[in-house]
Structures are given as structure tokens and as C-alpha cells.
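Per-chain residue numbering starts at 1, and chain names A, B, C and D are given in the order in which the chains are listed.
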Amino acid sequence: VSALPQAMPGALPAVSVAPVSIAVLGVGRIGRLHAQLLCHRLPGASVACVYDSHAPVAAAVGDELGVPVAASVEAVLADPAVEAVAICSSTDTHAALIGAAARAGKAIFCEKPIALDLAAVDAAVSAVETAGVACQIGFNRRFDPAHRSVRAAVAAGTVGEPHVVRITSRDPAPPPLDYVRVSGGLFLDMTIHDFDMARFVVGSEVVEVTAHGAVRIAPDYASVGDVDTAVITLLHENGCLTSIDNSRQAVYGYDQRVEVLGSKGMAASTNPPAHSGVVQTAAGSRGPALPFFFLDRYVPSYLHEWSAFLAAVRGAGPVEVGVRDGRAPLVIGLAAWRSLRERRTVRIEEIA
Amino acid sequence: VSALPQAMPGALPAVSVAPVSIAVLGVGRIGRLHAQLLCHRLPGASVACVYDSHAPVAAAVGDELGVPVAASVEAVLADPAVEAVAICSSTDTHAALIGAAARAGKAIFCEKPIALDLAAVDAAVSAVETAGVACQIGFNRRFDPAHRSVRAAVAAGTVGEPHVVRITSRDPAPPPLDYVRVSGGLFLDMTIHDFDMARFVVGSEVVEVTAHGAVRIAPDYASVGDVDTAVITLLHENGCLTSIDNSRQAVYGYDQRVEVLGSKGMAASTNPPAHSGVVQTAAGSRGPALPFFFLDRYVPSYLHEWSAFLAAVRGAGPVEVGVRDGRAPLVIGLAAWRSLRERRTVRIEEIA
Amino acid sequence: VSALPQAMPGALPAVSVAPVSIAVLGVGRIGRLHAQLLCHRLPGASVACVYDSHAPVAAAVGDELGVPVAASVEAVLADPAVEAVAICSSTDTHAALIGAAARAGKAIFCEKPIALDLAAVDAAVSAVETAGVACQIGFNRRFDPAHRSVRAAVAAGTVGEPHVVRITSRDPAPPPLDYVRVSGGLFLDMTIHDFDMARFVVGSEVVEVTAHGAVRIAPDYASVGDVDTAVITLLHENGCLTSIDNSRQAVYGYDQRVEVLGSKGMAASTNPPAHSGVVQTAAGSRGPALPFFFLDRYVPSYLHEWSAFLAAVRGAGPVEVGVRDGRAPLVIGLAAWRSLRERRTVRIEEIA
Amino acid sequence: VSALPQAMPGALPAVSVAPVSIAVLGVGRIGRLHAQLLCHRLPGASVACVYDSHAPVAAAVGDELGVPVAASVEAVLADPAVEAVAICSSTDTHAALIGAAARAGKAIFCEKPIALDLAAVDAAVSAVETAGVACQIGFNRRFDPAHRSVRAAVAAGTVGEPHVVRITSRDPAPPPLDYVRVSGGLFLDMTIHDFDMARFVVGSEVVEVTAHGAVRIAPDYASVGDVDTAVITLLHENGCLTSIDNSRQAVYGYDQRVEVLGSKGMAASTNPPAHSGVVQTAAGSRGPALPFFFLDRYVPSYLHEWSAFLAAVRGAGPVEVGVRDGRAPLVIGLAAWRSLRERRTVRIEEIA
């Protein structure tokens, strides 16, 4: 180590304010990850306890991280030492937990989506706004440094007025049918990130949706009315056109790109390859595939989203992705499903 | 989170063997980092205790990580529960600690360099080989995925017989004179990584060194006989020529590139930019700078080097960078200093 | 010049067969370019004569290239020494000239589009097929090496079954209203290249078109019913979805990209920058803009399309872009206009 | 063709001054290329005649281009209609032809190198300076847009004071022994371009040379005392260190890169790949090789060098690469040979 830096990213800097005490509700895959990050990578946070409806899961994570296991959600919400909850349980529990946590006066971080139906979402929005608590929805991609640089270029006026947005969003492999069945389907599970991204980078609401989709990869998806491949066109209030393409199977890796063409230029984010090594021979050049796993791309975005949340809870910044930002992409997703099924362009006001 | 992966990089997988119990000796900058990684990112390891000759430093890190603070090196080495030591103290203590740890039968991880003089290194080598313990030297760059892909291409024969190697290795900013004074100077502090890299990627020992250097950035370096800018040419036993260039000041970021030209092709590693966002306007394209901080590039290499060490301690793999790999680049560095001062090519056998 | 190659691209190789004698009809901008290329860069061709309805234009080009000026189209077609005609006059003359040339037994190269209405195109198709002459339409982008590599990857099965195609096609600056007025509008003038590209790379006919468009750049386009910005979705017979985005104003240069996602991978063409120089400073990296001029990108494609034509005329290869390949994208373009105006998805069979 | 540009690169623009009338002396490979470019691609030039000591070669090129064949060099130089000569004959004739042309008052373009011995070069320099004619040496790489952007960044101060230069210069395949025998060897035939490039981008004379080289590719080169692989270190008057690596065999293509590290940043030129297509699959990404042929990279540089020459002859600009710029790299090359043979650093003043 030849350089002598004064600070170590990823290490624990001195913290001048007390860490935010957070209860993690639901410690399956994503909840356990958040609990790990909060314990070890985010000095401004501490994990007050974990809870999971499957007790052995909670016990294992509690043991792994050396944190208490809560007996019930009620116990968590009744504990005055808990300042915030991270809602990482299954989607069908999100809205009710938001409501209960809001009423208990806790700050709330909730994984997307809030719910798959609007009534539940509206109840959650209302509870949050009545309680006046901070509530951040887990659209982590907004915090990816590359995507964020695209938004920054738009916000700074560098690319001028946005005219066309392209979003490519492809998973490496399709999830199993059991997951798909309860997920809300492609538009509410996967494209919902892209609907959020479109709103984020353009800075203007979506007013119209035209969706095309097909089953090309996982034939059994047809049995639950889902698609695995899609092209969606959005019209924004400011006239910008956004084109999104999705696939559940990019065999070359996790492919996430955003591009804004404006009157003064273009800003785009591409995919970092797995590493920067290349080989050149008479047969051409070869490089690594993209990372296949979303965490290889997005762990930094999780750290940044938590930093933003912690700052908001401590009053040091706004809630960057509020509860209404959780509602809007759901509406677009519902419009997309209607568009696909009725084979026509659907206006947002038909849904919302 | 739409994909449903079965494993989470960076998370704690199930471990089938007991973690290796490691005492971290020296928890200044790099030692604290290693202790953090061992605690939180490497499930195959546990930190038995930390020790530092500055007691408050040890206490702070012990507190931060929730691990015991050892009273003395002797206590650490006498503790049968300690399987391995991580030597991260100042360079002048490395060789003696290696000797003591070897005699105590501990596995050893030691930061580079082992020492600045050959006699001390030879004593350490002898102690390790007499004791028959595992001893890995901290040349972490060998574990960087991109540099490693270059070595892999050579080892697999993809690029044929190596003819020319280029190594560019530049720090973003020069360290202070106090550090430089005790560091062994550019060739033993910074280029030593590149000497190791040259041996690693070519797979053949260095037999001849020609060094050119100058003070271009930090005028006060001249007062201690150091240089801040250098171009070094190595001749390997197999005829390969390696050209290394160093600078203490690449204002555009931490620049680390390795390239091997062989009879059948070329393999190269470049620098990942800070993120993948770009902006294109009528004035041209713009992208982010390289990361300025070595950890932004090399944390994955630390994780991989620890994984290799843990496997070696558990008998599941060889020691990839052994104690003699700590000696060879020091010899090349000493030859480089003699070459610079005597303005001539120096053969390795003049030093070793 | 240190290397000693045996052949010089761009130079005149030995030709074993007699050059094809070609009359160039219309020597405005693109016709003059073709005449220059045929004279100087394509050893398999010779320019028999040039003709232009504006006599001074023809005289100037004849003088510049040292070739005869024909008195009339009739004289050209009656000349037995003329083996082929290059139709480069204004669009409204193409179909009639194809018909006359076909009846005269000449091989035909015709710039796109054949015509703006289907009846004229059908007459031209019929004339060519009745006469049995070779007729190649000037969709030069098929011959661009990068786009061609995309098609090659699909044809070889490397990317598997095509699922999603993305085509980005943007001009640096909008043409004047006078040009737009007679051009057929965005979809028949500019997107027609992309419709051809979609058919080419996917290898399957388009069955359905959904177009969105707007006037964002050149307000006066509204007065002639044209748009300057568009997003178009195509459905192919084999189920592939193609998304095209167009803009008349990419201020960062001429932007032409094609990408095919398939079941086994992805193939894509991007834009070569103006040159390969970059600058990196503490402020980030900077590179050149894209070339602003289509010839900077596409001259090689013109040379390749002529080579293919010359081979076809000499019986050494098929006509790669036949007269029916000139009809299909016009139909898609007409469907796109109907889709935009009726705000609905239009099936190709409604037009053709 | 949808855009409507007003000018066509590669086409013949209107010329307001009379073309420079040039006689091409020597129309082997490179001379024929220059004659073709002058005839067809450079409207400011006309080819007055061609001459070659092998009469059939001259006849063939004269026929191909429709230009007269001169009976002798004397006849060319006596012809008042010839304003300039392009000396493209074998190296051993260059110096004498420069002398004769200078005395005849002709402007001179001469391929590199002027000669392989300094006495001949000095005579040529003297003749040119006595006559006061324009004389440009064919170091075409200075006119490559990417390399030129590197020089421009240095000249503009963007990268600050130059500290380290890296030049990678590799041919795809070694020339035959018969060529090598009379070429002056690697340093005078191939590296001479890089010596010129080092002077060009740094803007400071070379004062010291240290050369390492080996025969790794073409064993028979040893019989004529040549090497095929080399690493050379230059010290410039301003303190900059330049590292050059050469190989006669980069099987992946023609590899030409220049990089300047300075106190304020870095500027670099890389290689344009053969085209911009890529394929990504689960096995990684693949792209085309570099072009294997130097003309694929450097034709634009030839056009730019001719434009500069034509401007200089017409008094519209300086001679950018004068006759003394032909002398300096020869001196460096002779120093490199002495360094290699005497295994020591050689100061330029020992040679010049």
C-alpha cells in the first residue's frame, strides 16, 4: 500500500451523531442483506433487532449478526428504542406494515413495491402523510452512481430538454413460476424499477403507456398471464418519449442501461464488466461477461440509498424517494398491463 | 429486486469448516482494514484478537469490532487458540515478527515488504522454512481479477511466449516526506508491487534491471535521495523484456495497468472508471475520472487474497505468494537503486 | 512505412474481369459521390457517362472526372456499351427510371426509396422481374461492417433466436423544410433505413407497427405534418420485438446503433468516435465527439455495396438488396404514418 | 441519405488556387499509393508525371492513373511545369534526390528516412537550406488525428509539464530478411517513427538513449545483426522520460499507441478496432481484431500530411516536418544501436 489516504471507503468513519436504530422486518434474502449492510457497512446505523414470520430464519440471522430477535411486529413497534423499521418481508405485507409503523411514529424504509393494488397503496400513503414520518421506498437504482450521473446531467441542463429516453433492463435468468405467480408479473415486479427510473431521469410524470410483450423464454409464464419479454413506450407530461425494453433472460449477464437524449446532448449509463481484463489475438478481442448477479452491480446503490435514508431520519436531507414515488410506478405498471391486454395506448388517468 | 439468485457475494455463506482464528498485529490503517474484512466479509475467518504497540489504537479497533485486545505479542503467540497472525505493523518489525510467529507454529500473513534489507529477509525466510508454517506475503494485486486474468491468459498459453510486458503504476498524489524517508524509496515501497507483478505475469525470474528516475513532482524527495518518477526495464530469464513506469502523481486517479505481449497475442488489464456514466455533447464525450483511492480498486483483491490464505491454512490450496516471493522483488528493488545510482544495467546476481 | 504488406485496401488491385460500365443518372450530391467512388475507388467499375437534368451540373462532374456527359436518358439506355445504370436522381423519378432501364435490359442500382407510393413501386418491381435484370436498392447500411457483424452473429446462430432489437438512428441536424416537404417525412425518408435494418438483422418480416412521434426540434415541421422525434415498435413474424428511436438532432454527432438480444446472447454495433484520442485529468476523461457527417461513418459501406453490386452484375454473387427489399420498408413506413395519425397499432396487411 | 450536408469529406471540393503540380519519383508500393492519393483524393494537387527506375512499373502506374511517364529524373527536374517532387524511391537514393531537387528549386516531399548515414543526411539538409525550398519528410503519424490530439493536449498545456511518455509500436508481421538487410534495422526503419513521435509530442529534444532488444520472432534476423523486439528509454532535454516498446509481430493487428503523462493529466491515443461490432454471450464479450494493415489506420494521416505539404508549397502554412526533423530521429536511432551493442546509455552528443 503505497499511497497514504486519510479515509477508507467501506470502512467505519468516525460518526458524530448517534446511529439510527433500525428494526429489520423480514430477513429473507433481501432483508438479510440489508441487515448485514446496516450492521457492518453503515456506521450511521445500528440494527436494533430482526424479525421474521419464520422464526428459524430470524434466529439464524440474529445469531449471525449478534443482534436480538424480536418476538413480534407489535413488540418492535412498541419499543421506543426502535427509531426506524426496514420492511423487507413479502410484498403482500408491505402496506399494512407501513400503516402500522407510521401510526407507531417510526421512520420507514420499505422495499418496492408497496403493494400490487392501488387501494392498499393509497392507505399506506395516507397513513404516512397523516403521521408525518419519513418513508423511503427501495428504488435503489436511483442511487447507482452511473444512473445518478445521467439524472445529474439532465438536472444540470447539460443535455437540454429531454426528447428520448432509452432504458434497457434485463435479468440474466427468469425466476421460477411460483415467484412470478405472486409478483404482479413483469410490469409490477421488474419494469417497475424502469418506470421509476423514467420518472427520475426525465423529471416529468408519465401520462401515457403503450406496452408490447411476449412469452419467449419461459413458456409456463403464459399459464399465469405473465410475459418475459417486453417493449414499453411512455409519454411524459413534458413531451419526452421513453422506450423501455425488458427481458427475463440476458444470458450474457445483468444488463442495466439508461440513456437520455436531449436538445443539447446525451447522457448514458452502461454496464461495468466483471473486470477490466482483455485478451487480443488474431481471432479478435475478448473480455469478461457482465456480472450475472444484481448485487455485483448494485451493492453500492444499496449503501447510498441507506446513507440517504439515515440522513433523512436525522433531518440532514430530504426523503429522496418518498411514499408517493412508490405509488406512481405502480400506476404506470397497471396501465402497462391494461395496454398489453387491450392492445392499445392507455392514459394514466384511466388508472389513477 | 427481481432476480432470485441463490448466493450473495459479499454476504456470509454457510461455512462447513471452522473459521481460521487470526490475531491482527498492528491495526493502523491497513491492519484495521484487514481486521474489518476478516470480521465482516470473510466467513472463513474470525479475529481472535488485535494488538498494536499504541494501546489506544488497539482499544479503539477492538471496541469497534467487538474483539479482544491482546496485551502483548508474546501473549498472542502463546495463545493456542490463535491459529494465524496477520502482520500489519510497521515494516521494520515485519521480519522479527515473522520469525517469532514461525517459531510459535502460527500460520502467517505479512504485509509487504518483509524488510528493507536482505539479511533480515533471509532470516525470516529461514525461520518460516524451518518451522514449515504457511506464510503468505501481501502482494494483493496478484488477486485483482483483471491482473489475474492477464496471468491466466499467459499461463493458459493464450498469448504464447511472453515477449514484452508493460506495467503502468501511478499513485494519485505523493506521500509526505516523513513516510518516504523510512519507506525504502520508490523502488522498495511502490515499484516493489510492479516487480512482483512482472514475476507473476511472466512466470520467469528477473535477471537484469535498468532504472531511470527523476524528481519531477515533490522537490523535497531529493533531500532523502528518492525519486518520484521512474521508468525501469527488466530482463527476465526467459528473454522477456518488462517496462515499468511509475509516477507518484497521476492527478486523474489511481492508474494500474498490466499488459503482456506474447507470440500468440496480448492480454491486458485496464482501470475501471469511477462509474459507467458518460455525457456526449457537441464538445465531445466526457466520463468520470478514475477512482483516486487505492481501496476503490483493490478491496476485491484483499478479499481474494484472504480467501487464498484461509484455504492454504486449511490445507485446501497452496500458498500462492510465499515468503520467497517476498524476497525476490526486494532484490530487484535493490538492484534498481544501484542501477539508478551507478547509471548502468545491474544484474540480479550482483545483489542476491 | 515499416510493414511490407502485399495488398493495399483503397488502392487499385489487378482485375481479372472487365470493369462494369455504369451510367450515373443524377449527379447531385449523392450521385456525384457515387460517380467519384466508381471512378477512383472501385477497380471493377468504369463510369460510361453521367447525366443530369440540370446540364451544368452534369458538365461539371463530367469535367471533374473526365467522363462523357450523356445527352438524354434515352441516349444512355440506347447505348449498348452501358451495362448498368446508377439511379441517383430525385425520388420522384426513381420508379420510372427503373422501369425504363429494366426494359432496356440494363442492370440497375437505385438509391432509396424507390418511390413514396406503392403503385409506383409495384410497377417498378414488376418491370424488374419481367425483364429479369439485376436491381439493387441503396440500403447501404447493410454493408457497414459493424451492422453487418450484427446480422452475421444472428445468421450464425451465435445470439440464438432474436427476442428484442434496438435501433438508435439519429441525425446531427434537421434538414430544411423544403427538403422535408417532398421527402415523405421522417418515416419514409429516415426511418426507412431502420425498417430495412430491422428486416435485415432479424431475418423475419414485420407484421405490425406502432409509432409515436412529436415535433420537438423544428417547429415548422408541424406545418407539413412531419415529426422530428419518434419511437417506433415493430412486431416481426417470428415474434421478435424491434424498438427504433429517431431524432433529427443529435447535437453530439451522427448516432447509428443496432442491437439484437437473442436467446443465446447479444450482438451490437456502436459508433466509432472521430478519433481514438482521450484526455484524462482530475476533472474526468474527455474524448472526441462522434463524426457529424454521415459520410465519415458510411463511405466504407458505399464501397462494399458497390462491390456487391458489381459481383452480382458479373454473376459472382446474389443481389443482396433486391427490388422487393425496396418495397417492404416503404410499406412499414406507410403503416407507421397511419399508426401515428390514428393512434393505434397498424398491421402490415392493412397497407400492403 | 437523410441528412443534407453541405460538404463531402473525401470528395473534391472547389479549389480556389491552382493545384500543385507534383512529379512522383519511385512508384513502388508507397509511391504508387501517394500518386493515387494525389490524383484522386487531394484536389489541391495534380500529378505532373511519374518516374521509376524500373520502366515497366512506371508505365503501369502512368497507365492506371492516366498521367505521363518521365524519361529520367533529369527530365523531371528540368521541367519548369513541375513544382514539387515526391521522393518515394528506395532509401539509398533519397539524399541525392533531395540534393538534386533542391538545386533545381523544386519543393520536396521525401519519404523517411532521408538516409542511413549522417553525412548523406547532412548534405541533404545543407542543399535544402541553401536552396531555401520547402522540404517535408514523410513522418505521417504526426498527422494521425488521434496522435495529433495527444500533441495538441500537450501544446495547450492541458496535461501540464510532460513527465512520462509511453509509445507502443508494433507491426503485425515481420518483413523478410532481404528487406531488413538494407533497412537500417529495427531502430532506423521502424522505431524511427517512434523517435519522431517522442520529439513531436514532448516538444523537447532527446539527449540520452538506452536500448534493449532481442531476436524473439525471426531467428534469421540475428544473421544481419538486427532485433525484432525492443524496449527503448529516452531522456529528453526537459527531463521527460519516454519508454518505447516495439515488436515486429503483434498477431492481433497493427498496434500504435502514444501516451503522455504530465503534471496536470494524461493524453493518449489508442487503436481503432476494425469495426465497432461486439457480441456478448455467457462466455464473455468478443470484438473484432485491430486492422492488420497499416493503411487501414493511416490513410487519413497521409491525406493530412499531403494537405499540409500543399499548404506549405502555396505559402499558406509552415513546413510541419522539415528536413532537420528528418535528421534528429536518425541520430537517436544510431545512438540506440550503439546503446544496444555497447550495453550502456548513450548520449546523443556522442553521435551527432
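Here, a contact is a pair of C-beta atoms (placed from the backbone, for glycine too) under 8 Å apart; a residue touches a chain by one contact, two chains touch by 3 or more.
This is a predicted model, so every value here is computed, not measured.
S.K.: Measuring centre to centre with C-alpha atoms, which chain is farthest from subunit A?
M.R.: D
S.K.: With respect to inter-chain C-beta contacts, which pair, B-C or B-D, contains the greater number?
M.R.: The greater number of contacts lies at B-D.
S.K.: Roughly how far is subunit B from subunit C, going centre to centre by Cα mean, in whole Å?
M.R.: Centres of subunit B and subunit C (C-alpha means) sit 55 Å apart.
S.K.: Determine the centre-to-centre distance between subunit B and subunit D, using the mean Cα coordinates as centres, and give it in whole Å.
M.R.: 42
S.K.: Name the residues of subunit B that each touch 2 or more other chains.
M.R.: Correct list: 251-252, 264-266, 280-282, 288.
S.K.: Report the residues of subunit A in contact with subunit C in the complex, numbered from low to high.
M.R.: Contact set of subunit A toward subunit C: 161, 163-164, 166, 168, 170, 210, 212, 214, 216-217, 229-231, 233, 235, 239, 241, 243, 245, 247, 249-252, 255, 261, 263-266, 343-345.
S.K.: Subunit D touches which residues of subunit C in the complex?
M.R.: By the definition above, subunit C touches subunit D via 1-5, 7-12, 29-30, 32-33, 36, 39-41, 64, 66, 111, 144-150, 153, 158-159, 171-173, 175-176, 179, 183, 189-190, 193, 254, 264-272, 274-282, 288, 293-296, 299.
S.K.: Flag every residue of subunit D that touches subunit A in the complex, lowest number first.
M.R.: Of all residues in subunit D, those touching subunit A are 251-253, 273, 280-290.
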